[in-house]
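Going in written order, the chains are labelled A, B, C and D, and every chain counts its residues from 1.
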Amino acid sequence: MNSLGGVCVRGVLIVGGGISGCTAADMLAQSHIPVYIVDKSKNIGGKAINYGCKATDTCLKCNMCLTQDIWQNVNDNRYIDIMTGADVLSCQGDKGDYRVMIRLEDGLEREINVSYIIVAIGFQPYDLKNKGFFGYGLYKNVLDGLDVEQLLKQRTPETLPFINPSIKKLAFLQCVGSRDVQDKAPYCSKVCCAYALRMGQTIHHYYPNIEITYFYMDIQEVGGVFSDYYDRLVGNGFKFVLSRPVMVEEAEDGGLEVIHEDLAKASVVREKFDMVILSQGIRPADDVDYIADVFDLGYDANGFLKGIGRWSETGIYLAGTAKGPMNIADSMADARRVAMEIITDYRTAAIASGVM
Amino acid sequence: MTALSHLQSVLEQGHFAVTAEIGPPMSANVNLIRQKAGYYNGYVDAANITDNQSAVVCMSSIATAAIVQQEGVETVFQMTCRDRNRIALQSDILGAAGLGLKNLLCLSGDHQSFGNDPQAKNVYDLDSIQLIHTVKGMRDDKRFINGKEIKTEPQVFIGAAAHPFAQPTELYLISMGKKIAAGAQFFQTQAIFDVEGFGNWMKAVRGMGYHKQTYILAGIIPIKTARSLKIMNDTVAGIRIPPDLIKRMDSADNQEEEGMRITLEIIEAVRKIDGVAGIHLMPVSSEQITPAVVERAGLYPRPQVEVQ
Amino acid sequence: MIVGQEKPVTELLDMIKPYKRVLVLGCGTCTTVSLAGGQKEAEFMSALIKLNAAKTGQDVTATTETVKRQCEWEFLDDIADLIEQADAVLSFACGVGIQAIAERYPDKVVLPGVNTKFMGMPIETGVFQVRCAGCGNCILDKRGGICPIARCSKSLLNGPCGGAEDGKCEVNPEIDCAWYLIYNRLKAIGRLDDMKQFFEPKDWSYGRDGGARKLRKEGIAL
Amino acid sequence: MQHRILIIGNGDDAAMAARAVVAVGMEALVIGEGAFPIADDRVTYKDGWTLKHIEGQIGAFEAVFDTSDGEQTETVSSIIAATGADMVPCSLMNSAGDKAVSFKDLPALLNAKEYTLPMAVVFIQDADVDDGQWVSAIGINLARQVRKMWGCDVYYLCRFIRGSHFEVENAYRMARAEGVVFIKYSKDSLAVMPAEGKTTVSFNDYTQEISIQADMVVMSDVLKPQTQTSSLTQKLGIGINHEGFFQYDNAYYPFTATNRRGVYVIGACKGPAGLNDVSGDAAYTALDIKIQLDELRPIADVIAEINLFKCSLCLTCLRFCPHGALHVSDDMPSMVVYDMACQGCGICGAVCPAEAINLADNGKALMKESSGQKRLKVYCCKNSAKKALDAINMVAQLPQGVELAEMPCSGSIKPEELVNDIYAGFQRILILACYSDACRHVNGNADMRRQMKALQDTLADMGIARDSIVVMDVAGPSSDDVLEKINSAYNAIGLEVAL
């Protein structure tokens, strides 16, 4: 409990302990505002904590080092109370006085009383089973971005190859589950282009002999002038194919065949690869409906959360990818901004009540 | 007043002058000097004797000049400020006059870092303009720098170097003007390969009226091979060689003959430029080709002038 | 300021070979500012001496001290004990400081740690360039505030030699031709006429070559 | 205390900054050339003032301006550069003839009454560089307007549709539905030439060569850094990136804060940005300033301390400090540290020739070698290697004979300390530093690399192997990589002994 007494003794509840939630928590805690983080997983860190640094011989600005500060600051912080494996059951009250019921990991229930709530439930990756024709889960060398992250995170290149040495040709398929009206995702997932291009460079750095091809519709901004970037990548032997593949099949020799349209030949061709990485899109979190219901939130056109009424009036804020696709740096900026709004509001109230 | 130099008479009587360079030997070999002087006899109005050019030790320019004059060729002895202070310079000027040397070219001198003795301490007590001024003072005012009177003054025709391609042109023209004001009576220029550029510079010189106050001898390096041309272009400061010229040499079957032709074309072109009073050949240790150049350029025989 | 440069380590190690107790003495003024002989360089040298001794099995001790200005006896008096205990003083001052120690402690061996280069200034971080030749008879009024004695390789006084190219000195193309700078500056301040004047041979007797070996500040000097 | 924020610039970006500053209860002092759109008594606008230099630190910057009335000095709490960017026509405009207009000029034509309506209009994006989403947003909406108002054929040529903002993606779909024809052309295939009253646009659309006869060609403008950007970065002591915009290419400066605390950059002056981005930047920045000022605290636990008796005022620290945290004291013959600006990196201490600067915990030992067998000394940058060690509790996994020291930045390592380490018996020194361009203190790791190169040269002269000192790049999140590098450096020592 904060020593300010009266108005703002209650802290802030953050639903979701991913990079957005933790960034907000860190910022609030620095201003000595008590924070409760509720996360349904066993650990905090969400998805970002599983990503690895993508530096080659230079920094590729993946921002992973920024997240590390946050994890460190949030753990063992006396202003932050972390509840993992916990679920939010209900929320009652108004700004300045919310009572939220939480079921803890051990099954017990706990009621906390807070002034503000930040909903930072993040996203879920597109379910690749919906695109069974790409063979995810069927062929062992069809991976998604997170699978490669896992390999990269555990890399010790000198001793343990993070990519099997038999891989000679690798394809990235962009926009899997993004910008797809039929699949109810007309929006761009925003992060996959930068992500896949970085990952490609990292792979190229450790395995310069692997031939890397991108199948794309549009390459989104990657920071800096893309032409420079593009020329460098093409110079390193990267290939870019403007096409949205229709299918991935296993070839007779065990390799993979990507079936796609060759625009110049105006025909469908089959091209052989040893590995295919699917850049799966960003979708609203699986419990988005439940959370919307508990905190009385609305949706945007794409099914991501949207506040009802002005945040500063309801005291319920949204942060990070709960609101829509965002990269790590933007999620952190967004979370910091939310936290700063709360801190400002908090201080104004404290001054008004004569505490400060 | 004693007689003017032959070179000065040639110029003053309006003839197109020809001077050419002789490099003193890096030894005490006098025969070599006599041999080189032999090439020049009758073909040039005066032979320049370089003064430890490129800061490489050679026989003294005054001694060499005296030997060359014994062979019947008048000389322009060169004097740099690099190796002597004002005492030695003035003393050598008197000595040279005593040996009958009548033309003096005053230079700053190549920096010692370009020669074989980069560890040497340079002097530069005077700069080239101050040297010109000193010589003029010794000759016309009969005074040393320190103001003391000279009973028998040295009679010398004073020359200086000009740099048609050095940038900024204005700065170097100021310098040239200062040299004239200090007493320079004739100029020998850096080597010319870019005739058009030289023409522009001469236009600027005429604009200043310098061509009326002094004689300008255009520097010419006879072209031998494409390779030597390229080396010069890359290494020698102040020399600008048009790329077309190098191309032309590269594609020539007989480089020696092509080089000669180009040299003659350059001479022909500079002769036509208003204000050019003569040429100064710098054969760079190929003194033997000088007669052929002079002859084929239509500059032979040299005028016989009455020396006043 | 006086700009110095540390001597090569091998030369210094060779120089101190005959001595067992070496005092590495930094100077807190010019050589500190020119990054050649302050406390940092002295400590670095001390460390190297110790390391070298250990490596070659010699019994050498090195101590480090820095005084404000080695060129004044008052500062040297403060460290009389340290100097007393040393076999040799490796001075990181300019040539003036080294000689001040030699004079103040006539029995002591003094060794130069620094090559005294010139009077100059930093033109960028860690890069110094000569500005003054200490000629004792300043001519900067007529040379656009740029000294051809210090900055022209030939110290020409009337104008450039023919060797400069693109405004750079023939001796070192990384260095601007002083006359090119003078010309540009005189032009910029509308005083190009200064350049057209003939400058007489310079009287060097004020500072170089036999000149001012001693200077009296009238009114202060007793 | 009423805080006043200096905003540099008078365009849309600066206006947004001023509104955001006012919205959180602070005042704005805005300087620029020409009119300024905001009239508000909390916003003071000074037309024609230019910044000369700044001194001081967050909370109390002294900004000196050149004005028509001579020099003026104002005290401001914080500074926002919002100078925007220059919109320049793309290079093809030169050859495109009089039928070509830029995105910037089209709105005026759309509003003009007496204009001969064109039959075919071609929009071209990405001609010079690959334009960003803000260009797509402007271009697509212009194309829709042309289609709606003039009813003519509209072709939209681009290399990429940058639809990462949902509004842009949406506009793209609507435009297609409304009859705008989108065509992608391949790199370097585009040519625009005037031809008999029309303009021929030819390109390859990945299938064939295509040529369109257009009555009007509308080309995207390219966003370039403003001419004053470079001089302003110097006056403000902040970074510039390789494209010439404000801010370093460095992950530690991702939002609007710069290497100098209290100095911010927002909007298009730090790279192409649409108005959405700028309003976000502005609101974020105003809040950040307010929060920092309300409770002004030092950034670092330990900051540089200057021994004023040793300081020789050589200014080396001033030149090296990446955070503008040092200045010449007005009262003492010494440098002084701005306590709110210093970030405790220790770079100043490493370069000080007088050893006058100290950082209390520089070189803190993380693990002292106790077995007496000194083999490998590892210097760990606090921002990378140290974090990687902490993440997996690595210290326990290290072999005997390894000693660890923590540095606030690899730039704070002093060469003489390494010599002492070798003297103390370590066979090898490993410096684990951040990747280039990823130094929290901008150039600290690069400064260290230069110093180490010089040290290796010196040691080599003494016959000590260059690889006695090894520098490696690591990142905080890559613990396994860090462990691997320490082990390989350690094992290599054994190999040499065996050889």
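Rule of thumb we're sticking to: a residue touches a chain if its C-beta (ideal position, glycine included) is under 8 Å from a C-beta of that chain, and two chains touch if they have at least 3 such contacts.
Note that the structure is a prediction, hence the values are computed from the model and not measured.
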item	value
Farthest chain relative to chain A (centres taken as mean CA coordinates)	B
By mean Cα position, the chain sitting nearest the middle	D
Centre-to-centre distance between chain D and chain A (centres being mean Cα positions), rounded to whole Å	23
Whole-Å gap separating chain A and chain B, where each centre is the average of the chain's CA atoms	80
Gap in Å, rounded to a whole number, between the CA centres of chain C and chain A	60
Where chain C and chain D are represented by their mean Cα positions, the distance between them in whole Å	40
Arrangement of touching chains [line / ring / star / complete / other]	line
Chains touching one another, given as label pairs in label order	A-D, B-C, C-D
Sites on chain C touched by chain D in the complex	8-10, 13, 28-29, 32-33, 35, 38-41, 43-44, 46-48, 50-52, 54-55, 66, 125
Residues of chain C that touch chain B when the two form their complex	153-167, 170-171, 179-180, 183, 192, 195-196, 198-201, 204
Chain C-touching residues of chain B, taken from the complex the two chains share	81-82, 86, 108-111, 113-114, 122, 124-130, 133-134, 145, 161, 163, 166-168, 170-172, 174-175, 177-178, 181-182, 190, 237-238
Residue numbers on chain A that touch chain D, as the complex places them	31, 51-53, 55, 57-59, 61-69, 72, 153-159, 179, 186-188, 190, 218-221, 224-227, 230, 242, 263-264, 266, 301-302, 324-325, 329, 332-333, 336-337, 340-341, 343-344, 347
Chain C contact footprint on chain D (complex, rising order)	310, 312-314, 316, 319-320, 352-356, 414-416, 419-420, 422-423, 458, 461-464
